[in-house]
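In what follows, structures are represented as structure tokens.
Here chain A shows up in two complexes: once beside chain B, once beside chain C.
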Partner chain A sequence: MDTQNLTYVGKDIPRIDLKDKAYGKVRYTNDESKPGTLSAALHISTHAHARLKHVDVNEALKSPGVHAVITGEDFPYQVGPLLGDRPPIAYKKVRYYGEPIAVVVADQEHQAKYAAGLIKVEYEPLPVLQSPREAIKKEAPLIHENMKDYTVMVKGVHSVPNTNIANLTKIRKGDMKTGWKESDITVEEKFSFKPADHAALETRVSRAEILKDGHVYIYSATQGPFYVQKLLSECFNIEPGKISVETPLVGGAFGGKGCVQLEFIVYLASRAVGGRMVSLVNTREEDLISSPVHIGLEANVKLGATKNGKLKAASYEFYFNTGGYSDMGAGMSKAGAVDCTGPYKIDHVHCDSYCVYTNMPYATSFRGFGHPELTFVMERAMDLLAEKLAIDPIELRLMNAIKPGDTTPTQTHLNSSNIGDVSSCLRRIKELINWSEGQSTTTQDGKVRTKGITSFWKTSSTPPNATAGVILIFNIDGSVNLNSAAIEHGQGTKTVLAQILAEKLQMDMKKIHVTMEVNTKYDPHQWKTVASSTTYLAGRAVMAAAEDAIFQLKQIGAVALKCLPADVVVGNGKVYIKDSPEFYVNIKDVAVGYKFPNGNSIGGLIIGGGSHIVRHLTPLDPETGYGKPGPQWTVGAQAIEVEYDPQEYTYKIIKAATVLDAGKVINPNAAIGQMRGGMYLGLSWASRETFMFNEEGRVLNPQFRSYDILRASEVPEYLVDFIETPLVDGPYGARGIGEYGVIGMAGALSNSLSIASGSSLNQLPLTPEFIWESVEGRND
Partner chain B sequence: MINFDFEYCKPKTWAEAIKQYNNYRSQNKQVMYVAGATEFISRARMDEVNPEVIIDIKEIQECRVIHQQNSELIIGAAVTLTNVADSNVFPLLTKVVKQIATKTERNKITIGGNLMSNLPYKEGILPFLLADSKIVIATDKGLEKRSILQVFTDSINLRDGEFIVQIITDIEIIKQPFFTEKRTKQSSVNYPILTSAAIKVDGLTRVAFSGLCPYPFRLQQIENLVNDPSVKGEKRIQKIMKQLPAPIVEDMHATQKYRAFVFERIVSKIIEQMEAVS
Partner chain C sequence: MLNQVVKLTINGIEKEVYVRNAETLIHTLRHELGLMGAKPACNNGDCGACTVLVDGLPLNSCHTLTVENENRSITTIEGLTDTTIQERFIKNWAIQCGYCTPGFVLNSYALIETEPDADDATIDEWLDSNICRCTGYQEIKQTVKEVIQMRGTNE
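Entry: the complex of A and B
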């Protein structure tokens, strides 16, 4: 496939932050401290749904070291990225257990926390809704009584006032009557899982300072510094240029740091103490429940196919459980609708995807953005269909794999560039997981080994104007500084951008210096580092900036070499004459101004700039879903092998495999790492991660000692391979790959365990008790 | 972060510890003994405990020993679970404590702390219950030796101001064939749905359990049934189920029904495996 003859792209180049990370020298947001910084602490709700009758802060105000205590009364307005429905600090009522009610600002962190414990809240408990199916019923109590007055922040959010529906996305493709008529066989099933968490190692942290001239400085562990700037500007009516946001490296995000939450609070806290710098650091408990979580879902699906296995019709009802506030839940419910069918050609599709309020912690983006969720539902249904049709699950998927020339549920036309090769991924995963030895075998000690398969797709739910920029500045030694607002949160994005630049400039990687930290004051705008979009958006911006720099280098180089710009090329640290490379001038001698032997100089500084913006995206038609939701579809296939103990209902995950159509793999080792990390996250979620609630909606496990996470000793053997079907407008053909490792894991695990246990497992997490209950229930 | 102030004492002898305790108590202060302090820290940061004084007993010589004397194994209360496991002086105890928490935590958690834990599990106690161990307790009147079976009901009952210095176990019992298994909701690192331990002494199987009921237990009635081959299979298990000291726990880790299922499975396994050893 490597016909492009590339030097840096496609190579296993070590991560540029490797040494600092290995030596523990990397600085995260909370590693910086400035004398005089005040500390904030939250007082959080002990009720899941209640009216706040009285919040008594008097004792807290009198406590040693306390400067201020703020409550929802100090800022009784709603904020939110899509629908303005959430007061930064609870106002008049609380809608989930753990919701911030008051914020104490004190000299020292322990003083703030102590005083926060002195705040007394009088609650009037309200009925608690814990299931989106329940919450959507007509008689269900309203969690947001004034939804009709809420501001829609982004076009395409359709809330339904006087219900608990924050967003409704409809897909109407083809004609369902025809679809069902053409179907010889149907399967129908229900699915559900409760909210879980991102559980990043670094808890969320923000600091704010307001200078006397009105400039606001925010320091935050965020995936979107410019997004923080945008939302603070909209919310507090501050000119965006007066808000500076700084983010060093981020210690794990998984979508959870794409939400703006603590930034609002810490700004209000700083404002309450005359603009002094205030720091707010989540405890683990707060990070798990007060800050936003991984969305839950309840779903119904019905598939129709011919007796030969051709999919004809699909109908979906998704009830996304967004918790007390919609945040990005309203976006994920849309993303779930947009790609509801998975990577299969289906002519007749009906989907109603609801974003539903409940009294659970509120949801924000989670790696995969609605896709791990929809894929669990769809891929389980595909296996049920395969079983009913007695067709091999891989064959059924191959038979229906979507291809160029087909259309998506929102009727976007697919071509040989904007969709990857599903069939090749499926054929390769079949080899990787050794499918031919059988989907189910029995071990000598009576255990069952089974394999489960999924295929999946995803497009980036970017806004229609998502953009990224890059600035290149040359040093006097001819090396280049690369500045972009892409956030490094462990995914290796800065290394990938440096590789693209090295390729484009044909320059040694050692000569490329990437600024790891992001500062909205010095770095060009970038939407956010989310949606597997950075290699594409910032990568294209790097290429544009490099072309800009090359153009300038050629202009000056040609003067120095006494020829035309068209006669010269840039590479290996030189500008040289194309047909006579022995005639050259070093980049270091032109990049900061070229000086002739007699002292005369020309050129000045070379500064390369470039940007990229997604194009031709549209909001969806509210009645049919017609529209173009994202720039391209990355596709893949995954498999799991488990060893199941039919006596104990326990299991071990033996192997996890991913084959992804990456378009072009820019850094194979890093890409394999991304796939492994994704599989880990997906397996942890599918096998054990969930919040547990009591009847009052209290979260019972807001700590790592009881919030179960896959341990290093429990990870399977990982198998990863790539297919490369270039994305024509991707950098060197690359597609977004960041989130994809997670997407098919829950489906593959439930498929393998359903075969092993003989019971269709349609809930997450897949714990031994749940399997036991399903099998026992079936036997009853 | 712990947001309140407290005094910290680190006595060198058990007598000094007792004296300090009584001294602070006479000033009406809340006093707490700690060794590894893992539970103190995790509870204090959640505002579940707020003592005014903590007395750290881990420097007391008697609390730090692991050695054999005559026919007895002596383990100091402040020996960490990691050291208990690494020394491997009591193989059943090694296996049981290695199932508690994570290595990083076991480097701090002490055996005495585990026995006196506020959590319902206290899995470290199971081997000592099975071995009829004795515990050495520091009291006003000096060191006292008491049988663990006597002082343990739903927890180890100490009088105000007393603390465990050592646990003494008969060497012969340590060498006996044993069984232990911990079951959790999913990850091996979690609280137990059930932790079981068994040893076979003089042809009779002794069993103890944690996680099933609100406290660990070893009961004669249950052991009688475990050792009664005249009641067969399923029936024996059903009879054992009727002898439990308290209702089976239902919580976020497992339902009552599932815990009962796990218990039945493990009891059959114990009977099967212990019958196989002579």
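Entry: the complex of A and C
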């Protein structure tokens, strides 16, 4: 592939959506209002685990402006993306603090909220489970008593009835006996962190309207309009074509809008009021706890290596804390298993990855999908191994870096395309963070400056038939409209798709009009905008659609130019003869039909269509994990430098660095922005974000005032660089990059602080209080 | 009396609105006046997404009642046109999803107007009132510093 002479790809093309954003012109889902829309409000649970003895809605129904109140009794069925385990509104029991119990529909939002407060719920409290390790014990109370009756929605989810295990993924590679025998040295450690949140600034919001002919209109802040269509169709038995889902620009997502929750509820609410348009907007508090959260984890890991540092064996027990329901938690526990080793060659691997119910808010996908979590565990263990072996942490990683020719834990064969260059990333990060000046230095005022390192990888856990489509429609001026269902939630995907199209058509970016909003009625199907897969899936679809359009332009252009289609090329707004560019016809004169001087016309409209589907993916063998989970592995390395105060146990994050093998960077500014933002999200999570629970499982900090996140004054200097090992079937060689900035941050921060504090810090978040407890030996 | 007429100057134009006494300014701006630039995100004064300028100073519009703003002059993002700060936010990619952008732009604008010589600590203090979940803040901080510097050079 010739990537040398590119005009638009690889260039800092300005983002196409920023002007409207800077001037406040962009409309998000909640910025559109239609007169007559009713408002819904939730009544949420004040218990983490309880039977619902009685839900009294009488007072609420009598309250001014109220049209209807619905409860779990109105739809007593379980839904879910992977395992059908969650009633959209709690039915007979609640399984987490904040779970929706009733929904009030009223004329005005304040009326609905007031009435929701009048609902009286009689609870019968049940024992509360707050740790997945506790929840998998035989004697643990069951959170889902009827799990055996639940419908498995996607093949490959293995729940264990009469336990709290929603999914179990097993990886068996090589022979553990041999692995441990070949190991001179082992390290074994435990890790844990509680659930946290995505905390996108735009809270989740949905509206629904049901027309008399049964057509359902959903407006939602989602990463997957077609996914909403699919799940609503499955759940309510409506033909998918009769469900239209519309999504304008989205105000941040981070995986948290890749699931379906409010859409179910607001559909039921609209149904209860004769199909009138109903709007449901999460408050921040609801968005943090009632809607799904970032998964927690407890893990045991054991690594074995020769005395020279060659990894031989690795054993993992992951207990993912999916909270009250499995949602995408069941997928993240699998994703954590398939990449459990990180980007290292290990021949003997054993992993049991459990998705475990607890009485905490339920989990859904979070940027990195299981990988920031597994990488924290693996990379801490790697540093412990390096320490025990007295080998430089970067050297240990270089020595074991996975390469083409090796196999992954699920025994996928790696080649020079489907995996990036781990070693180059490590060598570059070493320079970027100035590793040679020493991993630990002391400042004049008695503070300690230390560096921590991680390397990481991730494949996209897409369904084996994940797809995306693109339609190109030409305007009479020869410009082209690019329609796809890729969601713009901040990552710049629409700009990147336009760049790929500009390159392929050799057309000025100004001539490309990207439809920013997505509507399932007009746009071609796309699985979701998640899993760092849109540049790949939708990007390939753009190329296919462009090829289709070029073929048609050449056909008509050749007639106009009195030659064969093979004689012409498309570029610069023209169809021209390859070796005589002075003979040309403008695209504008061909794209909507070519008219001869005598008035005769041919051609009609040029409409380019294209799609792409992932190929050769397979479900995993339930006993060994054997299978191909994703299309390719993007790899990278990250580093952190902190300044730690041993007197106060506090620290400042000085630098955060990422080197990623991006395959081909389509837009450097966009890619750097994604890495910086990813590092920020990872550092905010690793350093301070967590939900705090009391003994009853009540979330004590469901507000931005108490759910602490990093602010402008607290962020480090970010350093970013890229390696480019092309993915052969990626658009211009590009790999997915959207999630990757997050992945290694927790590992790198804990590695640097563990060295600084002299105590192995194996929990998150890394608060001064936790560091103090660890150093003083006060934690268990 | 649950409702009353309130006089406000919005982006330089006098408006009369009939609102509930309990109504917050953000609600009036968005639902009575159709100015959707002020974004609801926490309704608790914690994130700054709903920032507007009241008599030139930034205020969380979720944290003030409309009736408290009688006869005050309010600037929303819709009232800022062609400012250097907006131009620089765009140029420096200090925007990703854009949801926090109106708040950050107004806050930064007010900072530069009220503290034209702001040092790094002052900039940090002002920007700490707003949350951005996408960018990691570097581009936003750079932009504010850049505009302060540009102004300094111009004077």
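To be clear about the criterion, the second predicted complex is superposed on the first by the 774 of 780 C-alpha atoms of A that agree within 3 Å, B and C clash if a C-alpha of one lies under 4 Å from a C-alpha of the other, contacts with A are read in each partner's own complex, and residues count from 1 in each chain.
What we mean here is this: a residue touches a chain if its C-beta (ideal position, glycine included) is under 8 Å from a C-beta of that chain, and two chains touch if they have at least 3 such contacts.
Quick caveat: nothing in here was measured; it's all calculated off a predicted structure.
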| item | value |
| --- | --- |
| Overlay on chain A: chain C relative to chain B, clash or fit | fit |
| Partner chain in contact with A:N701 - chain B first, chain C second, else both or neither | first |
| Contacts of A:N669 with chain B and chain C, given as first, second, both or neither | second |
| First, second, both or neither for A:Y680, with chain B first and chain C second | second |
| First, second, both or neither for A:R27, with chain B first and chain C second | second |
| Which of chain B and chain C A:V715 touches, first, second, both or neither | second |
| Chain B versus chain C as contact partner of A:R15, first or second or both or neither | second |
| Partner chain(s) touched by A:L249 [first = chain B, second = chain C, both, neither] | second |
| Chain B versus chain C as contact partner of A:R688, first or second or both or neither | first |
| First (chain B), second (chain C), both or neither touched by A:H110 | both |
| Where the C-alpha centre of chain A sits as vertex, the angle toward chain B and chain C in the overlay (nearest 10 degrees) | 40 |
| Winner by number of chain A residues touched, once chain B and chain C are compared | C |
| Minimum distance between Cα atoms of chain B and chain C in the superposition (Å) | 5 |
| Intersection of the chain A residues that touch chain B with those that touch chain C | 110, 283, 705, 709, 711, 713 |
| Contact footprint of chain A on chain B as seen in their complex | 1-4, 42, 45-47, 185-191, 251-255, 258, 261, 265 |
| Touch list for chain C against partner chain A, complex | 20, 22, 30-31, 36-37, 39-44, 46-47, 49, 76-78, 80-81, 86-87, 89-91, 93, 95-102, 105, 124-125, 127-128, 130-141 |
| Interface residues, chain A side, partner chain B - complex | 109-111, 113-114, 117, 283, 285, 647-648, 687-688, 692, 700-701, 705-706, 708-711, 713-714, 765, 767-769, 772-773 |
| Complex contacts: residues of chain A adjacent to chain C | 14-15, 17-24, 26-28, 30-31, 33, 110, 199-203, 249-254, 281, 283-284, 489-492, 669-670, 673, 676-677, 679-681, 703-705, 709, 711-713, 715, 717-718 |
